[in-house]
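Per-chain residue numbering starts at 1, and chain names A, B, C and D are given in the order in which the chains are listed.
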Amino acid sequence: MVIVLKSGTKRDEVNGFIDSLKTLNVEVHRSEGASQVVLGLVGDSTRIREEQLRAHHLVEQVIRVQEPFKMANRLFHPDDTRIDVTGIDGTIRSIGGGKLGIIAGPCSVESIEQVTLIARNVKQSGAGFLRGGAFKPRTSPYSFQGLGCEGLDMLLEAKKETGLPIVSELMTIQQIEVFDDVDIIQVGARNMQNFNLLRELGHCRKPILLKRGMASTVTELLMAAEYIMAGGNENVILCERGIRSFDSFTRNILDLSAVPVLKKKSHLPVIVDPSHATGIRWLVPSMAKAAIAAGADGLIIEVHNNPEAALCDGEQSLTPEEFDSLMKVLRKYAAIEEKVFA
Amino acid sequence: MVIVLKSGTKRDEVNGFIDSLKTLNVEVHRSEGASQVVLGLVGDSTRIREEQLRAHHLVEQVIRVQEPFKMANRLFHPDDTRIDVTGIDGTIRSIGGGKLGIIAGPCSVESIEQVTLIARNVKQSGAGFLRGGAFKPRTSPYSFQGLGCEGLDMLLEAKKETGLPIVSELMTIQQIEVFDDVDIIQVGARNMQNFNLLRELGHCRKPILLKRGMASTVTELLMAAEYIMAGGNENVILCERGIRSFDSFTRNILDLSAVPVLKKKSHLPVIVDPSHATGIRWLVPSMAKAAIAAGADGLIIEVHNNPEAALCDGEQSLTPEEFDSLMKVLRKYAAIEEKVFA
Amino acid sequence: MVIVLKSGTKRDEVNGFIDSLKTLNVEVHRSEGASQVVLGLVGDSTRIREEQLRAHHLVEQVIRVQEPFKMANRLFHPDDTRIDVTGIDGTIRSIGGGKLGIIAGPCSVESIEQVTLIARNVKQSGAGFLRGGAFKPRTSPYSFQGLGCEGLDMLLEAKKETGLPIVSELMTIQQIEVFDDVDIIQVGARNMQNFNLLRELGHCRKPILLKRGMASTVTELLMAAEYIMAGGNENVILCERGIRSFDSFTRNILDLSAVPVLKKKSHLPVIVDPSHATGIRWLVPSMAKAAIAAGADGLIIEVHNNPEAALCDGEQSLTPEEFDSLMKVLRKYAAIEEKVFA
Amino acid sequence: MVIVLKSGTKRDEVNGFIDSLKTLNVEVHRSEGASQVVLGLVGDSTRIREEQLRAHHLVEQVIRVQEPFKMANRLFHPDDTRIDVTGIDGTIRSIGGGKLGIIAGPCSVESIEQVTLIARNVKQSGAGFLRGGAFKPRTSPYSFQGLGCEGLDMLLEAKKETGLPIVSELMTIQQIEVFDDVDIIQVGARNMQNFNLLRELGHCRKPILLKRGMASTVTELLMAAEYIMAGGNENVILCERGIRSFDSFTRNILDLSAVPVLKKKSHLPVIVDPSHATGIRWLVPSMAKAAIAAGADGLIIEVHNNPEAALCDGEQSLTPEEFDSLMKVLRKYAAIEEKVFA
């Protein structure tokens, strides 16, 4: 940690401040310039509260040298984390560590027929996981809010039929118990900093698919992962899904540079959601390909058998045929990147 | 609702599409140009799902003419809403409708002595409400997370001593029951789109102080208010607290134009949080004054007896003396705007 | 300057790097932690190129402690700069140092009658300066581009009639010569980093009204001012006019916290343009008042005798009557802030 | 064009307004709802000034249905534009229409030896064009500003030696004459809305490489291209180079979805600059690959023989070896996309 003192701080004030820092069990190195004093703190600075330093009347600036996340930090865990999911048929499907996890399915579960049909289709095209929303976070209280537990049951039925592990979004702590048979629990962008929920998910052992908040930095995303990991659950998959920007042509701006950045800073697998990032069907294939080229460990893509009749997000859903074509191209990209579909 | 069809749409496709729209019980007006057809939908369009229209293969663009919020809409409720809070001594303090609600207090409740001392100070300076955090949303799982229920008890003690109604942040549905004696429940920026929480708060009758999310539009803020109001609780106070931007000098960018915009679109009272918006103590007074000048119905300001020792956000807290000076100036601004402190 | 080395850097690499830094005539202080080495550079670091350091293979991070601007820096020029303009009648009107400069007039000069009429009106209401665009930066090549030199002549005519000093936007180096009788030269937001233009303006002695770019940080604005000042022209007026953000309700987001931030970092006067910041007529008064409350040294406001017929930006122009009412309220705000109209 | 009138507008006001619109030679279709009237304008609306409509007291909202750009619009020019550059040896190199243009070279030209060495290297690796800055737009007046005309001469020398066409940035109208032997003129992000410069470049016949401004929408970029094209120069290459965002880890956020969006809206070729977008060397390869996957027609990449000693942007430059490895992988991506290097 580096502390820049205000210009004009007197020598004895500096000394007093250094003494107070030393009581916190850190070594303090002083660099004295013509107009400013800079202090370097060395040692275990975890007991030092950065914001308290910032509030000090002598302090101009506090610069953190170490990343604030630990368990998610690649520094202390150099190897890639791979998330393994064992299917009902015993097959293991993985995300990370050279395995590409392709998660596909409808935005919302609408009926058993719909979700089973789509599940069969995406499985045939090579998807490894089935997604489907039962509880939906909607901007308007007057929009369709998902089928709830009933939707979850339909999803489980599709899982039974196809063997595909399922991914679904959970919105409250109370719902955790009904997600018992869901293979990967999704935390949506709007809940990325719902810290109570994250902490609770730290106590289960299921993989958590954690989506980046719409205006969250990569550090904040890693701190959210840290909340889950600090509770004991290290099975976190990070997901870039677009951030807010000034250009409203696409729903969000897909930040693909976040993929290599996250992978450099952390050992956790990183996947990309081109459907929500763009909100536009014809942009999904190019962004899916770009995500693999950027180093993503997987994709989560919305597929609907009849997008025009979808109860939710039809404008960004691929048809099963479009998804199938895309998968064929993605295989070529995966080959270049020396990765295999889970 | 206005629908722009793709250029090249054939006449019989247009006719078929119009017929399908008419089954939804709306009138359809057609404007046919050289290269494009534009349809105007008239009537009760609430049963039409905008996103389904967007997903239609003939549709280029869907433009909503009416605001998506109803209960929060000034159009259907022209008069200002005023939130009244009756104190334990029977005094009524108000926010909105010409009354300025000044809410002041520490970021976190730290001890009975601390919160009571600050409460007495801010009351003397003219604050109408006491704020204090018991449950704290923190970016890091390793930061101080608030004193919880114990903190809430200290806050209630300070309320008993000073008679000031209290404002505190609630983070989960489970906490609602322990907030029984809290006068105004705060929903933080990170929870602005925690829809389950909002819906639950719609069932209580307490005033809800709803903070704008860091990257939420004013329409999204009003839709969040709509979630609460749709449940039956019309006592919502909106709060602008700074939005994310590219310049990192201040923690956020205080969007003061949101104040008159919100007040034009909605009848709900709008207050401003200059402390969180800037994150810097010396910016709070100028932004507090500007907020009143911009038409705000109140302010929420962090005050701490010893900012340098604060367990949270000391760098943005005013001392009681600074707060007192500020209040003296704010009275002059309030007089020009013909508003009175609650 | 503080340099953080990559973790894992070997001792002799550190020594070699320090030796190379010492050849640049700075003192180097070393803080050695468990996993990382931090270097503090003391002395005249102006000869050190920060980006070259960043490119070094041992370097993780370079942190600049001193601001990169000098002539604009309040540290080396503690007193407020006041810009004085002597009118054709000998009257001195000022901006900064307790004087509020109110600049008002049409977006575009359209005719002698129009600009003279508006000039007379705004003068009567108390404006100190007349604005009017002759050369207009327009997003579309097909939009009205201003009357050019002819428009400038009309503006000069209005100056002769009313005695008001005039402010007009210059777009190219070639235009400098025709701006001889313009009192304050405006550099628009899109030209804030037109460095050749800025450098050229450093060679004249006229006050320059420098508008903040739509996505420029306050530091970049001050660096743009530095370009002008480094050339010898210290008469720079900074102008906040709204920045790009994700919410498109207003044209831009007026960043009022930039006013006190700029005034703390720099001695230059800071004015606000509520017309371009919001793009909406009914938002101008509240933002004008808020700007004064935030500490601005002046305002630049669009006024048009017939906004509905304006050739440019009518939707954000006040009528002379609206401007007059606003000025009456602004006087009260100015009185609280102990400032007088120029 | 669709006009939404304010709710409460009276029938005769509506009629009067429609009559005034009809004098502009457009057909007006009226859709009358319960609370609002919507007008659809059909015909040649180019003579209608949108902003004048917005300023009208009866108007709530004006919605443009047609894109404001014409010559850049794919609607009126369905085939891809391909930019051909004939080298001094008679070889034609192209960008667009299935040809990938790879432009590589140093940020700044530093010496004949440097630029010739790099030119030879990048040519050998397969680059089709040599880039090099002679006039540099720098945030600080105290930074290295480029070698100017001397630098241009060195670049021309490297062109003579290697046969590679050259690309260099022009900053002012005055410089146009010295760019006679430059093959592609670059307009930097900060000059994207320097309309006088754009208009002047419309009068030459050289290809213009137009970089997107840091906070410009894709529509604004296309309008800037329109300025050049309206002058008669249709040889415009668009370049995505990262936009401003709230996360400061990377210098900018590379907006790769802009590539397919631009290519859908316009027939002009679109290239990507991964070096400036990220500002970080180790991110360049992944973003270069992702750009090709997203459909880009080329790349502009900074290469320096000794990044640590570069006078500019060394931290984002690849070494010739790194560039060579990257080119090998890019060939595989190009093959999938069925494109060939120019």
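As a working rule, contacts are C-beta pairs under 8 Å (C-beta built on N, C-alpha and C of every residue); 3 or more make two chains touch, one makes a residue touch a chain.
The shown structure was predicted, so the numbers you read here are calculated from the model rather than taken from an experiment.
Any chain that touches subunit A and also touches subunit D is listed here: B, C.
Farthest chain from subunit A (centres taken as the mean of C-alpha atoms): C. Between the CA-based centres of subunit A and subunit C the separation comes to 39 Å, rounded to the whole angstrom.
If you average the CA atoms of subunit B and of subunit C, the two centres end up 32 Å from each other.
Subunit C and subunit D, compared by their mean Cα positions, are separated by 27 Å. Contact of a single residue of subunit A with at least two other chains is seen at positions 215, 244-246, 248. Those residues of subunit A lying in contact with subunit D across their complex are 215, 217-219, 243, 245-250, 253-261, 264, 277-278, 282-283, 286-287, 289-295, 329, 332-333, 336.
Across the complex, subunit C meets subunit A through its residues 2, 4, 7, 27, 29-36, 38, 40-43, 61, 63, 65-66, 75, 215, 244-246, 248. Looking at the complex, you find that subunit A touches subunit B at residues 46, 49, 51-52, 54-57, 68, 137-144, 171-174, 190-191, 193-197, 199, 213-215, 220, 223, 226-227, 230, 244, 281, 307-315, 317.
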